[in-house]
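Handing you this structure, nothing more for now.
So that you can tell them apart, the chains are marked A, B and C in the order they are listed, and the count of residues begins at 1 in each.
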Amino acid sequence: MAVHSEVLQVRTSGKGTYEITEDVAAVVRQSAITAGTVTVFVQHTSCSLIIMENADPTARHDLEKYFDRLVPENESYFQHTSEGADDMPSHIRMVLTRTSEVVAIAEGRMQLGTWQGIFLFEHRRAPHRRRVVVTVVGE
Amino acid sequence: MAVHSEVLQVRTSGKGTYEITEDVAAVVRQSAITAGTVTVFVQHTSCSLIIMENADPTARHDLEKYFDRLVPENESYFQHTSEGADDMPSHIRMVLTRTSEVVAIAEGRMQLGTWQGIFLFEHRRAPHRRRVVVTVVGE
Amino acid sequence: MAVHSEVLQVRTSGKGTYEITEDVAAVVRQSAITAGTVTVFVQHTSCSLIIMENADPTARHDLEKYFDRLVPENESYFQHTSEGADDMPSHIRMVLTRTSEVVAIAEGRMQLGTWQGIFLFEHRRAPHRRRVVVTVVGE
């Protein structure tokens, strides 16, 4: 049994989904762990992680539009507004998605399905540099 | 420390929740691992996993009705529609729930609470055969 | 490689968020595991776990208000109502958040970002005693 960990830096340029599947796969290969799990963990409260359909970009477009409607800006009851209109919605969108994703590893690679990709979901408008900790545990 | 992994096949016959608790428990028993975690991972983007109340079927009925309202079909801004009206909602419902669930193992069994069950949440109308990877890590 | 597990008891006094970050950190320290993951798992279907902004209490206030609106009580189609108006919404709010959170461990401590805290999210009005299983796996 072994543990292998690396930190990824992801640059974002506004709200949207940024695929990191290949970066995570590279850490799994580097670990030489052939069976176990990989935990992807993002160290922020205004972006999040999702596993999403990665073939047709319109699926992500529709997802992003859906979240803009599900969590509107400028709700009259919002008190946490000092950092801008996209601040409080970013925390809510994070809570409704995930801070960590865990993917099975077998035969030396992540067991993602054909259409599954791992994405960082950025909820802020301004550019950010995001830190993602990738931890492989197994044998 | 050891890793034990099996793939479950789950047949679905339309939208709804399908309990897989006993199938996952069987993999945990088969692993002979007495302490650690079990990661349940579904390899699809149009169904998902949830842990839900497993005693009263009306709780799942209400949950399913809620999701039908939370993520309506035929939104005018949807572009990802070539596979039918239930396609894009299925991806959104998946993102709002989970691709993986992780459950603690102690004393040789999953530490689920009295009313907790693990369910595959099918979001498509047509029958599907779904693959679920169960990975037990521990000692 | 090792596994270390402890059960936390969390007393809640109505709907809201209850921080457990320091309790989880204490289990990680106690484990003496320096690299791996910690899985926090709540054994109930009417409360859940979230990782949330932990500096400004208004962020959690707004989050709680948002969930009250997202999942209203007394929907006409609800059938699972015998335990009160907050029963079915509590299951839905649980499904929309998480039963487990997994956090990376490196250099002997959880790799939480500056503003990240771990919270039990209580969805019932009445006081409850909640059980949270903390499982550390690593080396």
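By our rule, a contact is a pair of C-beta atoms (placed from the backbone, for glycine too) under 8 Å apart; a residue touches a chain by one contact, two chains touch by 3 or more.
Small disclaimer: the values here were computed from a predicted structure and weren't measured.
K.L.:
Given that subunit B is a copy of subunit C, what angle of rotation, in degrees and a multiple of 5, matches their CA positions?
P.N.:
Rounded to 5 degrees, the superposing rotation is 120 degrees.
K.L.:
At the interface of subunit A with subunit B, does the proportion of residue numbers present on both copies reach over half, so same, or stay under half, so different?
P.N.:
The interface of subunit A with subunit B is built from mostly unshared positions.
K.L.:
Just the number, please: Cα centre separation of subunit A and subunit B in whole Å.
P.N.:
Taking the mean C-alpha position of each chain, the two centres sit 19 Å apart.
K.L.:
So which stretches of subunit B touch two or more other chains?
P.N.:
In subunit B, residues 1, 70, 96, 98, 102, 137 touch at least two other chains, as defined above.
K.L.:
Write out the stretch or stretches of subunit B touching subunit C in their complex.
P.N.:
1, 35-37, 50-53, 56, 58-59, 61-63, 65-66, 70, 96-98, 101-106, 111-116, 137-139
K.L.:
Quick one: which bits of subunit C touch subunit B in the complex? Just the residue numbers, please.
P.N.:
Touch list, subunit C to subunit B: 1-3, 5, 39, 41-45, 70-71, 75, 77-80, 88, 91-92, 94-96, 98-100, 102, 131, 133, 135, 137.
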